[in-house]
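Worksheet: the structure to be examined is printed underneath.
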């Protein structure tokens, strides 16, 4: 067996290579690296923190649930069955987790140059204390070592939450969720702050799987008649209040486009009837979603929940794979997304309202400088969410700052979201964002666009303050 | 009171940070920094130079007319009433200019990382000789100092024009303008060259406010029957000649899209009748604008005026704000803009004509490398205007050169436009452009894509010669 | 006469300027600079290698056939007649090749900052051994020197092929081509590997010039009834087999859009009849091309030819010039190109097939990070072709790696294509690609995203291995 390569996280990683800029960046980074983590948007499982059970093993924790990881393996010919990913019908190929881990290790070179590689190495080194690089040769050592660690008390979810220095962590739930785990955390003597966010897609998108049943369930939960538009809106208001009681400070909306509408009551009522009847066109479904964004904005004005909009993804692009394995299997592909016409109905209604706050995300970077920065640099309600999903990467973050800052400034942005279900990678992701922001600020200092004093202040804003303020935490 | 931070314009600002590249850039910049300013496209008020009255005060000069400045304040919750911006009905909130200045100073941090911040600091330091940074603490000192300076003879418009070393300054006027101030400057014994440009939007865009009245006024001015298409075109030709007499060397066209058309005489006549009747669709209005671009190109072939096209903005996006405060309140948002199909009718008619020159601008950077550079790298008539509006910034300029140069070369570009109504910022803006261009050239020298001799020659081309040549000045 | 400037290819050209990064890049480049050239996609003339006749003269070799060169001259007012470019009717302006060369030399400054300049200087210095820069003063020396060299045995095509260290060179032919030159090379005792690629546009695009005649010729060549869809597809299969016998490992498809379709047999038969009748709409032509991509994919699954798709160009944009001079005169302009919806029918049919390989190119860089990297980072069949045509340039290549790598990784890319008909520039082009890739890798090493060991391995992958593997060479 070859001597395995070392695994070392270089203290200057991701900082600009030029020595004078790096020195500035290093000093900025030193000032923010230990700040608590504000994680206002993500997809971790609240049951982890409610039940505090140990995680199973390396493969079940780090590979099978992470579509960043298995999409890359799939793109190079490894099947989901080989990885033991569950099928849509609940069955799954019975494969030894250690074999899955080996397959992953043998193909770890595929991740070179990707953020997954950086996050994973950070988890290996910082969370698990490994100091040799993952490869075919070290796969077994890794698998055993990680599993041993996971069995320890100090690797249970709550212990890791504290070790990660997380000040607040938001999860995301459907309006139909009982929020039992959040309630349980609130009732417990554990001081960790794990809050929910209100994600109404299953009950406001007529094309969502099970929409009809979802409305029935919404009626049951609220005692409202959800087949009547007054009752439907009242039910949503009630669930928003319920979410607020469980800590929510924000809503989240994942739509195919950014289209909003501002229909008259009468138009809305007619449209609602068609949607409820189940007999509607794709255009009517789109219009309904558009109108519901404006309805949600209206409710946000009332209840103070910050509104987040994530548009522009073609979900489940690979139809045969979807039929076999269901959602979230790495086949979601970004689409070109228009914001100027799309957002206007909502913005003309609530854009100048002092109590309304709307955070916009995009996967279409062409809108950064052209549409989103000019919109956010004008409308009081608008803030720009960080580089999202495929763009949550060093080069993606750099493009975000380079293309947004000159028109929107720093103060119309909201800090970082990790947006992840990969709990162990949260510190890694925030660390990457802090490093990239400090590098960007250092460049502005190096060519005299900012003073060092200003950059130091901004480093804390971007790493901590802006997120707290924008999400009203 | 705290000791205020210093305001220092670093001599190397905006030059690349790498020492070897910076040395090259510095030497290139030294060779061009003192060249006279050619300002072939802008929006200063000719009455300043005709009447040569002193400017009022810091707020009325630097904040209230500058939508770059108040849009950012507005985006963070400061109302236009708080700034005393006039309303559409002519009224305005009566607010002390000193209070406006303080409000601005208290929020000056919002501009960190924006070009406005650089331009303003340049004005403060270079025009007004201030050496402490603007902040809450220094707001009053600033306000008084600037006002004192503005009262001096040496701060009147003509004196500043000379101090700024402006060789020629173009303003922009409607065909309905009397050009009295330009005439007055021409008649005066002052040697400053302030010329007009022909901006026909109010009489060629059927959706422009007051279009019907504008055509009547055009008839009055020219003695032509503008309700007959022959008369209408003759009237435009007459006004173009009048503008030429007042120094114009160029026309300027601000359209929602880049669409051009090449209708037959008969089609044009039918369309013209509909437009004149006032009973037309949005599509017909768009087609009329499209055809008018080609008509204007035809007139340019005859009279030699260089044609400029600035498409792709959704004007007055914020309807409630527009209703209250009118145009130009920071709510103009760029749109995706298509050039390949859109320009073809015009280009197939005049694109190869040796006497025709068309300068294209865009707010949609996605068209730089994909559409505009390939078009300009082929058609003899086409030149690329500089990074425009939201892109008139260090990062925007860098992207312009990086994305345009390899396909269009340097010689299909036209140097810099400041495009501003903020007269005092003109030297700052040209200085930023010269620095960024020298930095870009220095990078090409540093990785041996250009020799230093070539780069030195190009620095002068980009800073001075190309603008003179392209605008026939 | 002035002392002419020196022509020197700096050994560090195109490598990052920062000394620490440059040192890494230089070491990476040293490890790959001498690797053989794999040229899997290009447009050289196979008769050169079959007949091995000397090239004529500098102008006929380097200017007249190179639309990169004459488009730039044309954009600055030099007519194609002045350059002696043949007209569509076969005539041409009789101009002395030496005069053409002088005209080119007098305007060589136009190419500053363009890749053409780099490629040409590389050819002048490395292929012809010139050590003074091209200019008005040296035009004559250049013309005579180059012509003298071209007359030598060592400058014949086969000798240059060997000197260039080309391991394999693919040309591109129509299905109607006899492939006589490839056959002749195969029969010869020369060991150079010059293979063909199958480019079926003339017989699958109903809007291609001469489509009807092309189908008749296809029938003659194959003995199939090409007016019957079974016969038509059988004829195509037969020609693919014929191309495979002549070395082809790939097909190439140049379509206006990336649209694919997956019609039922019945729908296809009806559409085919309309197409054959000649009475079809533009939409039907587009649908037919879309369906034919899927048919070609199906044949690739069977015969193993790798499929390449190059969509998104408006060909012959300048209609008057096209009428006079025909195709390929520098007036092809990229278009915005959509991939997510467009490719779905084909991908849902064959995207997960282990034997299918599809290489996608684009001229629309906005699709890099948004659409193509996510698609290639998921579908097993998909690989990303290198930065193409206008983007085959230092900045274009940098953007390609920066925008593709984080989502698709390196292993879903296929190395470099020179895609050229300018045979002498092939080493220059591969050298530029190797330098830019090594520079990119060096940056990842310098900020600790990759180890040097990994970067060294990747340098060879990008310069040599990936192309061989992707094209099954």
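Per-chain numbering from 1; labels A, B and C assigned in written order.
Please note the rule applied: a contact is a pair of C-beta atoms (placed from the backbone, for glycine too) under 8 Å apart; a residue touches a chain by one contact, two chains touch by 3 or more.
Chain labels with UniProt names: A, B, C = Uronate isomerase.
Note that the coordinates shown come from a computational prediction; the quantities given were computed from them, not determined experimentally.
**Student:** What are the chains that chain A (Uronate isomerase) and chain B (Uronate isomerase) both touch?
**Tutor:** Common contact partners of chain A (Uronate isomerase) and chain B (Uronate isomerase), which must touch each of the two, are C.
**Student:** In degrees and to the nearest 5, what turn takes the CA positions of chain B (Uronate isomerase) onto those of chain C (Uronate isomerase)?
**Tutor:** 120
**Student:** Given that chain A (Uronate isomerase) and chain C (Uronate isomerase) are copies of one sequence and touch, is their interface built from the same residue numbers on both sides (over half shared) or different ones?
**Tutor:** Chain A (Uronate isomerase) and chain C (Uronate isomerase) contact each other through largely non-matching residue numbers.
**Student:** List the centre-to-centre spacing of chain A (Uronate isomerase) and chain C (Uronate isomerase) in whole Å, with centres computed as mean CA coordinates.
**Tutor:** That pair's centroid distance is 40 Å.
**Student:** Which positions in chain B (Uronate isomerase) touch two or more other chains at once?
**Tutor:** Expected reply: 18, 366.
**Student:** In the complex of these two chains, what residues of chain B (Uronate isomerase) are touching chain C (Uronate isomerase)?
**Tutor:** 18, 20-21, 338, 340-341, 344, 347-348, 351-352, 354, 366, 369-371, 373-380, 382, 402-403, 405-412, 443-444, 446-451, 453-454, 457-458
**Student:** Under the definition above, what is the set of chain B (Uronate isomerase) residues touching chain A (Uronate isomerase) in their complex?
**Tutor:** So the residues of chain B (Uronate isomerase) in touch with chain A (Uronate isomerase) come to 5, 9-10, 12-19, 71-72, 74-77, 109-115, 117-118, 314, 317-321, 330-336, 363-366, 390-391, 393-396.
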